[in-house]
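Two complexes, one shared chain (chain A), two partners (chain B, chain C).
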Partner chain A sequence: MRKTMTIALKDLRAYFVSPIGYTVLSVFLLLTGWLFNGLINRYIMITMYYQQMGDPSAFRDFNLNTQILTPFFHNMVFVFIFIVPLFTMRLFAEERKMRTDELLMTLPLEDIHILMGKFFAGLSFLGIVLISTVVFPILLVIYGNPDVGPIFSGYLGVFLVGAAFVSVGLFASFTTENQVVAAIVSFVIFLLLYLININVPEAESLLKSVLMYLSLFDQMDSFAKGLIALPNIVYLVSFCVLGLFLGKIAIEIRRWR
Partner chain B sequence: MLEVSGLTKRYGDILAVDDVGFRLEKGEVAAFLGPNGAGKTTTLRIVTGYLPPTAGAVVIGGVDLRREPTKAKRMVGYLPEIPPLYPEMRVEGYLRFVGKLKGLRKQELEKAIEEAIDRCRLKDVRRRFVYALSKGYRQRLGLAQAILGNPGLLILDEPTAGLDPAQIVDMRSFILELKGSHTILLSTHILSEAAQICNRVLIIHKGKLVGDGTLEQFATGRSLEETYMGLVAYS
Partner chain C sequence: MPLRFRPLLFLGLCCLAFGALFIFSSQTVLVLYSRVNLALGGLCILSFVAINAHSLKTFFPGKEARRFSETTVYALLFVATLAALNFFAYRHPVRADLTQEKVFTLSEQSKALLSELRSPITIYAFVKGGQNARAEDLLKTYHHYNPGLVRYELVDPNQRPDLAEKYGIRRYGIFIVTDGSKFRMAEEALEESVTNAMLGLLKTRDRVVYLLEGHGERGAQDGGEEGLKTFMDQLEREGFRVKSLLLASAEKVPDDANVLAIVGPKKPFLDEEIERVKAYLDKGGKLYLCLDPNTQTNLEPFLANLGVEAGNDIVIDMQLRLFQGPVLGLDPIVQDYEMHPITKSLTGRTLFSMVRSIRPKGPLPKGVSAEPIVKTSPASWAETDIHRVLEKSEATMEEGKDVQGPMPIAVAWQKGDARMVVFGDSDFLKNALFNRLFNADLALNGMNWLAENTTLLTIRPKGGKAAFLFLTPAQIDTIFVFGVLIIPQLLFALGLIVWDWRRRG
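And then the complex of A and B:
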């Protein structure tokens, strides 16, 4: 555990001694802020429209949670598609390029130390990115009265989906010494996961339920609505485990080639 | 201390290392000689556990590298051809990082760091960032990392390559200081260097071990140069 944390800390620190950490943070804040602003504007517009109509029944289910927070969490996950590869790509590809993998692989370490150290570094950075977005919901709480519970569950969901992304990005980083290739590989995987339910057949069928279940993004739905459901947690955690397992295989293949 | 037998490494059709075997006793300093591309680096990488061999076994201090890699690696300090440094770390921070990964703790760790800094004469740059170090200091830091925690076996891949003459002398005298306390296997293609620092010479050519003996054995009659040229003459 000590060795794992040593590697995790080193990689987390590396994000902030190079421009990459700050760049990713600002780009993420810029994009989510822009989307948040869009949601607010839309909310104001619709409110004004309904007020002119004077129809109170239209306001059923119309509140800060359903109109701003739920889509906001979805937006964050969407932005992850572009952002996560940017900070996971370096995790191991960089070591190979700098030839420091020769150090890591010859020190008395187990694969699991390297794998989990890198994963925790990615997770911690993800955590920092998410914490920096807390200003948006806080603004809502100051100027409005949204239900606070779904904010927490939403963040939990976003974090779990992000963790699944990090595990995939880490796997991609283990497969190549070229950071750009690592980023493209993870980007394509994320995009596929995003689009996987686009070809869902209309009728209820096994294929439909499988595709719907596989979609990483649909897993966000209940979290964003304030529901912490066990199946979703199990799905996302097993997704992480799968990603890490593939990463482990990638290290082993590298070792035995 | 180090026992290598039947080591073979094949990349597709190319045989990089072909049935190499040798044994180093405790305290021996051996030079791994050979022209560029002879398989020196590949062999050293296998011995340190960075690359897996296609066939053959490596036993370090009685521990099989394949069966118990972590235990075996604990006894090895390795300086690769390109020192594996993190530019964004400070000299001290880098040594602390490596020390922690070697499993050293607190006082033991601080003591080991001080000792390595002292022995590799890194005092003047200990607070400096690695990216700001000159080539000579980088090489020394790489060596400091290898000797951290006093592993019994040191593997140095071309420790003097790319250094200026003064730095080469420095590095050699430093390796001579380590003589006796460590078993050392170093690769080089400078014959005089091997003659100066080592008491054992291993000559590798086209992946095969073509010469193995003490310096005295080589010195009888023919010079090391002659022997070397006889063994690896480009045909």
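And then the complex of A and C:
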């Protein structure tokens, strides 16, 4: 555990002694903030429209949670697709580029230490990214009265999706020494999983159920609405574990050579 | 020895991967694509292995080959375990609802009903474009409580005209609960509505409508302009069974009758027949009555005793004529409905032809409620000189003799369990008019109100916590500054400082 933590701390520190960490963080905040502000403006416009129409029944499903928070969490996952590859690509590919990988592999460390250390570094950075977005729900609580339960479930969902992305990004980083290739591979995998449900067949079938189940958007939807369901958690955790498993195999294959 | 024809290997792998994508497809072209690819891929790889058989043996020396196969088996097992775990969780969807109003949790009544299911049911939501988050969340919740027996599907009625036709869908937002043979309709995306439809489907036998014959009533099987075939077919589709009844030869109205319908009688009823109708109502029966003007059926005094007056008149009202605009005539187009379950969902006009006035006759007997539900326009009046209207096509409103509108032309009556709907017209039900404007809705709502399950559940509607945001322009700007600008700005600055510090070493 101590060995894992050492690696994790070293890599986490690396994010903040180079401009990469700050750039990723600020770009992420800028994007989510921009989208959040768009949601607020849209909400205010629709409220005004309904008030002019004088139709109180229209308000039944129209509240801060359904109109701002649910799409806010979906937006965050969407921005992750572009941002996570940027900070996972360097996790191992950087070592190769700097030729420190040989050194790392010859240290008295097991593969699992290297793997988990890198993973925790990415995960901690993800945590920092998420904490920095808390300002948005806080602004909502200050000015409005949203239902708080769904904020917790939303963050849990976003964190699990993020963790799954980090593990896949880490795997991509183990497979190549070119950071750009690592980023593109993870980006394509995320985007494909996010959009997999747009081409489902019309009719009910096994294929349709499987595709709908694999879709990250659908898996995220319950969390964003305030529902924590076991299948969603199991799916995201398995996704994460699979990424780590593939990463481990990638290291093993390196060792054979 | 180097491997030869390496492109064969990559081509084969690509063919296998793309072929596998559509292996379970049901579409002919895709199946063909998949099979051709799989065959081609297999062929490429086999040829590659055959060509390089000798080199491959040396390429994978014993130890590496073993490692490779071990890892593959290990990986496959691992993926299979994960898939099994996911399947298990999918089948056991434990969950926690964090919303304050418990939007994703069903009421105890609904849960009890779902746990009593013995055979599969399907819930269809007919929504625009086949997409509606609210409807989907609601149906997912039903599915969650009994995933084995509750199926659901969101349907765009325009893309599935077969289903829309089968269930008589006339607008968006309708839910159909069906067990494959029977079905019930729910009109709103609310738990109360859907659970009651389910209750109706599971707990009640077929609803039977007896259509009275023998007094020149409109015919149930008559497919001509004047017949009721369209109406009857629609009733069958909504889960009613229609039987005919000749009251003069029957001892009484049969016990299995949920509704007795008398549509447009022209000849007078015998006293014994009226007695039988009265006995049926006294037992809590339901009567659907349509009386045309200019007929004497002997039912009028019977109705008067119950507190409903069928006027001996004919209603003259505005009607729209092509190229003439609104003129006075005998075919009123009506859009004035009173609040009542029958008229609640009517959003447009209904079209009648030759109507008499039907109104509550005060003082009402004890325990009776009688409400007018449909009224003609204020410009209309009830003309008592029917012969002049019909023979000379003339009518003038005469104070004292005629009654100025709006004229009620339909009444919903209730006394204990007994219910009755009386319309002053039967033409609006005939094949020629049934599907015009909102006639079908009015006719079917009336029948549904009569045959309604009186043990309906009430479930409070849930729609998420009512949380709103009202902001001044200054507050909007504050959110923009704190949400979008300040933190990224500080981070950028910090990034630049670190970058500069690192560069200078």
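Quick note on the criterion: the second predicted complex is superposed on the first by the 257 of 257 C-alpha atoms of A that agree within 3 Å, B and C clash if a C-alpha of one lies under 4 Å from a C-alpha of the other, contacts with A are read in each partner's own complex, and residues count from 1 in each chain.
One rule holds in what follows: contacts are C-beta pairs under 8 Å (C-beta built on N, C-alpha and C of every residue); 3 or more make two chains touch, one makes a residue touch a chain.
Since the model is a prediction, treat every value here as computed from it, not as a measurement.
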Exercise for the section: With the two complexes overlaid on their shared chain, look at chain A and say whether chain B and chain C clash or fit. Expected result: fit
Handout entry: More chain A residues in contact [chain B versus chain C]
Key = C
Practice task
Check the residue A:Ser18 against both partner chains and state whether it touches chain B (first), chain C (second), both, or neither.
Solution key: both
Practice task
Check whether A:Leu139 is in contact with chain B, with chain C, with both or with neither, and answer first, second, both or neither.
Solution key: second
Exercise for the section: Scan A:Arg99 for contacts with chain B and chain C and give back first, second, both or neither. Expected result: first
Practice task
State whether A:Arg255 touches chain B only (first), chain C only (second), both chains, or neither.
Solution key: first
Practice task
Identify the partner contact of A:Phe36: answer first if only chain B is touched, second if only chain C is, both if each is, neither if none is.
Solution key: second
Handout entry: Contacts of A:Asp147 with chain B and chain C, given as first, second, both or neither
Key = second
Exercise for the section: Kindly classify A:Ile44 by the partners it touches after superposition: chain B alone (first), chain C alone (second), both, or neither? Expected result: second
Exercise for the section: Once the two complexes are aligned on their shared chain, state how close chain B comes to chain C by Cα atoms, in whole Å. Expected result: 5
Practice task
List the residues of chain A that touch chain B in one complex and chain C in the other.
Solution key: 17-18, 256
Fill in the blank from the handout: Residue positions on chain A within touch of chain B in the complex are 2-3, 6-7, 10, 13-14, 17-18, 98-110, 113, 255-257
Handout entry: Residue numbers on chain A that touch chain C, as the complex places them
Key = 16-19, 21-23, 25-27, 29-30, 33-34, 36-37, 40-41, 43-44, 47, 59-61, 63-66, 68, 132, 135-136, 139-140, 143-150, 152-153, 201-207, 213, 222, 225-231, 233-235, 238, 241-242, 245, 249, 252-253, 256
Practice task
Could you pull out which chain B residues touch chain A in their complex?
Solution key: 45, 48-50, 52, 70-71, 73-74, 76, 78, 80, 82, 84-89, 97-98, 100-103, 145
Handout entry: Residue ranges of chain C touching chain A (in the complex, touch as defined)
Key = 24-27, 64, 67, 71, 75, 78-79, 82, 85-86, 88-90, 92-101, 103-104, 134, 137, 151, 153, 159, 461, 463-471, 475-476, 479-480, 482-485, 487-489, 491-492, 494-496, 498-499, 502
